[in-house]
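Note that chain A is present in both complexes that follow, paired respectively with chain B and with chain C.
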Partner chain A sequence: MNTPDTFDVIILGGGITGAGTQRDCAMRGLRTLLIERSDIATGATGRNHGLLHSGARYAVNDAESAAECIKENMILRQIASHCIEETDGLFITLPEDDLGYQKTFVESCRRAGIDAQVIDPDLARRLEPSVNPDLIGAVRVPDGSVDPFRLCAANMLDAKLHGGQVRLHTEVTGFIREGDAITGVHTVNRQTGEKRDFHAPVVVNACGIWGHRMAGLAGVNVGMFPAKGALLIFAHRVNNLVINRCRKPSNADILVPGDTVCIIGTTSTRIPFEECDSVAVTPEEVDLLITEGAKLAPSLSSTRILRAYAGVRPLVSADDDPSGRNISRGIVCLDHEQRDGLKGFVTITGGKLMTYRLMAEIATDTVCRKLGVDKPCTTAVTPLPGSEEKSYEAVAKRIWESPSMAQKAAAARLGTSAERIRSGNRLDDALVCECEEVSVGEIENAVERLDVSTLTDLRRRTRVGMGTCQGEFCACRAAGLLARAHGCTAQARADLQDFIQERWKGNFPIGWGDTLREAEYTQWVYKHVLGL
Partner chain B sequence: MKIQEYTVSKYNFEECMKCTVCTVYCPVLQVNPAYPGPKQAGPDGERLRLKDPYFFNYALKYCMNCKRCEVACPSGVHVADLIQAARIKYSRDVPKLRDRILASTDLMGSLARPFAPVVNGVTGLGITRSVLDATLQIDHRRVFPKYSGRSFEAWLRRRAKEQAAYREQVAYFHGCYVNYNYPALGKDLVKVLNALGVGVQLLDKEQCCGIAYITNGMSDQAAKHARHNLEALRKAVDGKGLKVLTTSSTCTLTLRDEYPNLLGIDNSDVREAVLLATRYIYERLEQGATLHFRPDFRLKVAYHTPCHLERLGWGVFSERLLRMIPGVEFTLLDSACCGIAGTYGFKKENYEASQAIGEALFSQIRDIKPDVVACDCETCKWQIEMSTGFTVRHPISILADALEA
Partner chain C sequence: MRFDTVIIGGGLAGLTAGICLQQEGRSCAIVSTGQNALHFFSGSFESVEAPTPRMSDLFTQAGIAVHYSPGVRLMPLGTFRPAALSLSDVTLAETPKFARKVLIVNFLGYQDFFTTFLADGLEREGMSCRIATLDLPETGQIMSSPSEMRSVQIARVMDRAWEKAVQEVRILLKDEDTVILPQVFGLNDSSVPERVRQAIPARVIFVGTLPPSVPGIRTQQLLKRRFEVLGGTYLSGDEVLQAHLHDGAVHSIVTRNLGSHYLEADHFILASGGFFSKGLKSNPFQVSEPVFGLDVRQAGDRSAWYDPDFKADQPYLQFGVETDEALHPLLGGRPVRNLYAIGSVLGGTRPELGTGAGLALRSAFAAADGILESPVIPNEA
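On to the complex of A and B.
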């Protein structure tokens, strides 16, 4: 491939922080390259609630984070509407909770600029019929939900539209140094084995919890605190408002409705760094999530669970708190030239999905200062590609006049980018994923525009395989389309196997009842019908 | 660890394994590509509709509510209920005048009955059918059921005293069809039950079961009928300890299952007392009751199981009853929908699909050439008679004919 290997800035990490930083840098006119070891949003970005925090959760203990959250919340509603659902949220007080906390909570919210309204429990029951009917208090806040995969992909796409380059499945094996400065990276492509060097006067470490390792590779130390959080995905939405417990933040006290599912979480357990690459959900965590979740919405105790998963929060260690709950979720931007005397290296970490844009702005400001570039940040006022129009209903109507269910779903997923989906003939309109209504046209759009090399990559960009059947039907169809796009059937077969295995990994911790029945059925289909 | 002992979801939609058997058995999907099919319209679509009612798809109106998907489903998902419930909940379509007319079976019956000869003559005219087609989009090729000059209710009321003399009693939910169009079926039932030593009573002013209101988007109207009918059923079941017999498979399904499942109206106290007459009679005979049949009776019968009877799982009773009549040469027709689905096939936009769906059944009947087709559903009767030219009779009527005078 004849592409340049010299840039103004290289960003390491394809999570939301890296993608956001690349977009900001690219929009300020820098030549950017983003390098990601695996795929987009594979770390903490894609392994959380997908909660568009109002900041209320942090209001009592961490006023600074709360204020950042509500500000970014309002910005994301404007610039990332196709990734967001403006659902609102409730903070409920149950009989065993202290109703006195509500007053402190509401006052803290108001101080942070969060519109927190105390409402009658009766009104709460009517607004959200799934809520625990025993509640004795409720506060309404501007929470919402956000699709982190979509948000990450849209940031990266915009960076590319501004000339940025993205290299996924590419691992950094070492840094290129000139004296006391980092001037580039050695990389290897994990799929092709191709080794390449890339050069830039500034390298940004946006690797989340893996930033610890990356900093080590560069010869500096960033003390981090890996805190595992486990979550459960239920097979359909039981709630339409986010439900939180109005008490000191604790385990499993947030239930978020997102797209066609709802998610309960989380737990918080300190884990060793070696486990960051393979976190598994334990039976105790599943128990805890179901038990506590049913206190928010009793129907959860008898609602089918689709998957269990866990992520690792990239907290920056500050003290000896063993749970990690009291650590500030604040943003940490380290200019290693000032801190460690290492030129050309910046670490951006801490923070949250919610504050990714602000993190990117801070990191980009640092990069620009180092490069002597004086351009203002415009990411807070420029919509992401897809979010130019707010209502997916209007978008779908404009494109198709009388849209099918899959076209409606595509407009909800892609916003105005749905315009690019080919449709109007039997092949393009045929469904690949029946659970989530994803058409062949939408898959092809993702393959062409969004750097897809595997089925798992495709899933993150389209929701293929995220529905009730967990890839049972769509995986084969999608593998066929990928084989055609990449011109290799053998690779697609291996990919299919990996994909199904990965789906099973999430089913395993909750492998009972209908989920087990479905998995058994999938096995029959693959083994005995398809002979795989 | 504690596992969830059971999971529940509305209409069991979450228990769907995506096996797609329902899609294979859906008669509409075979002929109408605009219909998304039961899996898409049902459990798959429900997850999106829970996110935003915007995802409701108006193509759901193509569902005939035949319930074949539910019969096929190995996971107990109430697929058709889910689809009809979504239509009730989300559809903003206002029923057309045509739909209101087709759905108001009892109103139309009571209006038409006094002028039956005139009405029958007029609806039989080609010109009337062309006008109905042009003005109301009721397909001109459709043959209308004839109205009867005297209602079944009036007939039975005059015999109330005679019926009360029987030691055993049952109530009869005759439905609109028997009352206004075909009292002969009701009379046949009375004859058979009397032969078993059972007297027949009317309910206290039954109304149309309301199924046509449900499928035509008038569930409020249907709910009114349901509440009225349940009161009438309670008077018979709780008050007098009677079983309530029916001859229409669709009325039976509506009274027993659609009231609680689609209209949310609890009927658990009377549900088990509502029985199809063929089931009641078959069970009486099993328990030792006897009927005396004509020795010279000969009839070649091909039996068609209506979709709603398949859903009830009771087709076997009608079949067994026919088989036990001496002189009956019996053929069980392949399980297939005739395509009419109540008022569905009357609509101009559905006519072609309706006939295409029924074609497999029609051609099997034409091959067998029976003396008569037997069937427990009035709308199947219209469809099969119109499309094949063969006469269709209710199993009860065939049974009545076979009895010794």
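On to the complex of A and C.
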């Protein structure tokens, strides 16, 4: 059967694992469909530090994960250069920490293949002026930062360039079975209500923590361990190197710079599955993150906080450790035919943002074996769309000759794909978001090419509303553009409400000082002036 | 420097009180940081059901054109809201279906005016709409800079080029009975909105844009001018750093620009606004009033400050300076006898005075009356 609704493989989940798996499958010539209940990167993919791990954090306790991390780290620098920033990182020892741990740490790093250099605390202070000046030891490692939204969007774009199809805001309501085999899915579009069936001989469950529920829907059990992690985004980029604590992994001991901001995290709390859809950051978590963060970089205590957020780690439960921290972050790929006698169903889970490509490779190998396809994986050597050239400044120059600040920012966000942005006239060049310098042209590019249907989708693709004003005005401007592009104003108005609510959700846990000032202003502008 | 009354805050509340006092011959100084809530004014005076003669006089004498007719107004995102006392820029209609055919006009490249939202809102009420854009060389010039197409910049151009815009609208107009334009007319010349109305052969409705609010800035300027014409001293771009209290009364205040030249007065008025205007300050543990350290009504635990639903009424907006019946704020539980608190710094602590603009006006009149009723203290100097 070869109808428009029939594919070789259906991938469930629009996080980085799903997007990476679709890209790999598509590049090996399979006809692919990706289905996502909400938008791309709405789960753990978009709710973490954005740390390009060197693997050093895992080196002492989990050598396998550490080795995977450094290998993937080096690969991502080549294939996803427009999504990452090669900042390097420090592991610092503070007076209250055991300096003896440093030796174990460095030895473990080297065994895992991580270039860990012990440096003088003085040099560390010079390299990273924001670091706690009381440090008594420092190790330099090849950490970096990665924009998970961009990475996810680029994987999906490449899958589409290889013939893949993507259906966002589409929920799987059940599986289609023939005897002991899964042969497709029943879905409903959450925006239009349209019900539709899709068929494929293999379905891949790449739903992160929601994979537990998805497996249950298919009639098999995948034991998972939802562990919430809370993080704070600060309004300035106080550090240029990632700062970690050189001790056993604990709460709030990583500070990652990214674009114009920096992020402190994280915590680890076991939560029930029912809470995965609505994780909230508590005042205690906020206080802990601020106190511990200031130990890494003291200036954090006087830096404005932009937002609090939390994600749920999709850990596969292995033992009864209540913190979830000692569980291996290893990759788990389950062929349910071998495990449960259910044909045509594969679960890919565990792992980390860092190892998404490897997870995708393993999952795709399994899919290909089932389909009898014999094609090698090439994702480790093929740059993602946007990353064909390494220097975004050179890209910007090639496209625009003498690029503006906004054009440079666009090239940094999109890499070589920035050449698709309409520009060079005053209408397309007008700025929608002044904090992040996003132009009308870039918004329209995202709407046309990157599967944007709501304002919050747009935020994930372009950084509109992610800057210091958190979308005070640009949300409205972007909503206006979306309304025009989609011709549905009622939807755009509802979007605007969702966007403002989403923003408030990240703001009230940190609602004091300037954040409360902004909140009062937003109440005034949206309720009284605009009449939303 | 010595005045009868020193007012902290130059928004609607502070200026109203200052005008009332100057009119009665009391010398006033207003210390203003420069920006205030009038810059984000919607154009309708909230919680004012019907204007009192005193309000009407205030506006008339300041040259602020207002009108009053309970009805509905069209909001920037195409919804309708009940409104009563409003600037004359704002059109008040009896029902949402106020027209048959509407022409919505925007300036090319202006993103802060929401034509599609407006059209959608009007069409749902049964009106038919057409959207058109004006591409004038005058606005084209500011458009060449990617972040200059904002309300005030366009309004500056319109103060001199409004007639050209009107010409273009006349050409665009077909059989529509109503024209909707963004509120970017009459920033410095308050006669412009009415002249635009007269010059277009259809009903003209001005609808709000993203802030800053052009009619709001104009209102602020007119009130300030009126205050200064009456002899008041308006200290703009200054900030109160400290207050000196003696024997339960304020003796003087210290400002950033005046330094050791303290501002002394018989009476002081605190009209410093809410959180955004920095009249109220907060840290993770409490909300405070930064100039005098006055008692602030608040919920104890931070988690009780907010409703997680943005749409809901937010508890923190009810926080404000506690006062006695005469609007003397409390310090350590005792009223400061020559100090008055007015406007948003009261938050929701005085519900009988209303909210927003209504609270500002009513509390300003009440404080001015309190001062005028008290005996004039002979100047020591």
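To be clear about the criterion, the second predicted complex is superposed on the first by the 529 of 532 C-alpha atoms of A that agree within 3 Å, B and C clash if a C-alpha of one lies under 4 Å from a C-alpha of the other, contacts with A are read in each partner's own complex, and residues count from 1 in each chain.
The rule is simple: a residue touches a chain if its C-beta (ideal position, glycine included) is under 8 Å from a C-beta of that chain, and two chains touch if they have at least 3 such contacts.
It should be emphasised that the depicted structure is a prediction, and the values quoted were computed from it without experimental measurement.
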Touching partner for A:532 - first (chain B), second (chain C), both, neither: second
Which of chain B and chain C A:365 touches, first, second, both or neither: neither
Chain B versus chain C as contact partner of A:521, first or second or both or neither: both
Which of chain B and chain C A:467 touches, first, second, both or neither: first
Chain B versus chain C as contact partner of A:434, first or second or both or neither: both
Which superposed partner A:284 touches (first chain B, second chain C, both, neither): first
If touched residues of chain A are counted for chain B and for chain C, the larger one: C
Partner chain(s) touched by A:513 [first = chain B, second = chain C, both, neither]: both
First (chain B), second (chain C), both or neither touched by A:303: first
Partner chain in contact with A:490 - chain B first, chain C second, else both or neither: second
Shared chain A surface residues [contacts with chain B and with chain C]: 283, 287, 404, 431, 434, 473, 512-513, 517-518, 521
Residues of chain B that touch chain A when the two form their complex: 1-4, 6-9, 13-20, 36, 39-40, 43-48, 50-52, 54-55, 57, 75
In the complex with chain B, residue positions of chain A that touch it: 235-237, 257, 259-261, 283-284, 286-287, 290-291, 301-305, 392-393, 404-405, 408-409, 412, 431, 434-435, 437, 467-469, 472-473, 512-514, 517-518, 521
Interface residues, chain C side, partner chain A - complex: 37, 40-42, 46, 75-81, 108-109, 111-112, 114-117, 119-120, 140, 143-144, 146-147, 149, 208, 210-211, 213, 274-276, 278, 281-284, 302-303, 305-306, 308-311, 314, 316-317, 356
Complex interface listing, chain A residues touching chain C: 280, 283, 287, 404, 406, 426-427, 429-432, 434, 439-440, 473, 476-477, 479-481, 483-484, 489-490, 492-493, 496-497, 500-501, 503-505, 508, 511-513, 516-526, 528-532
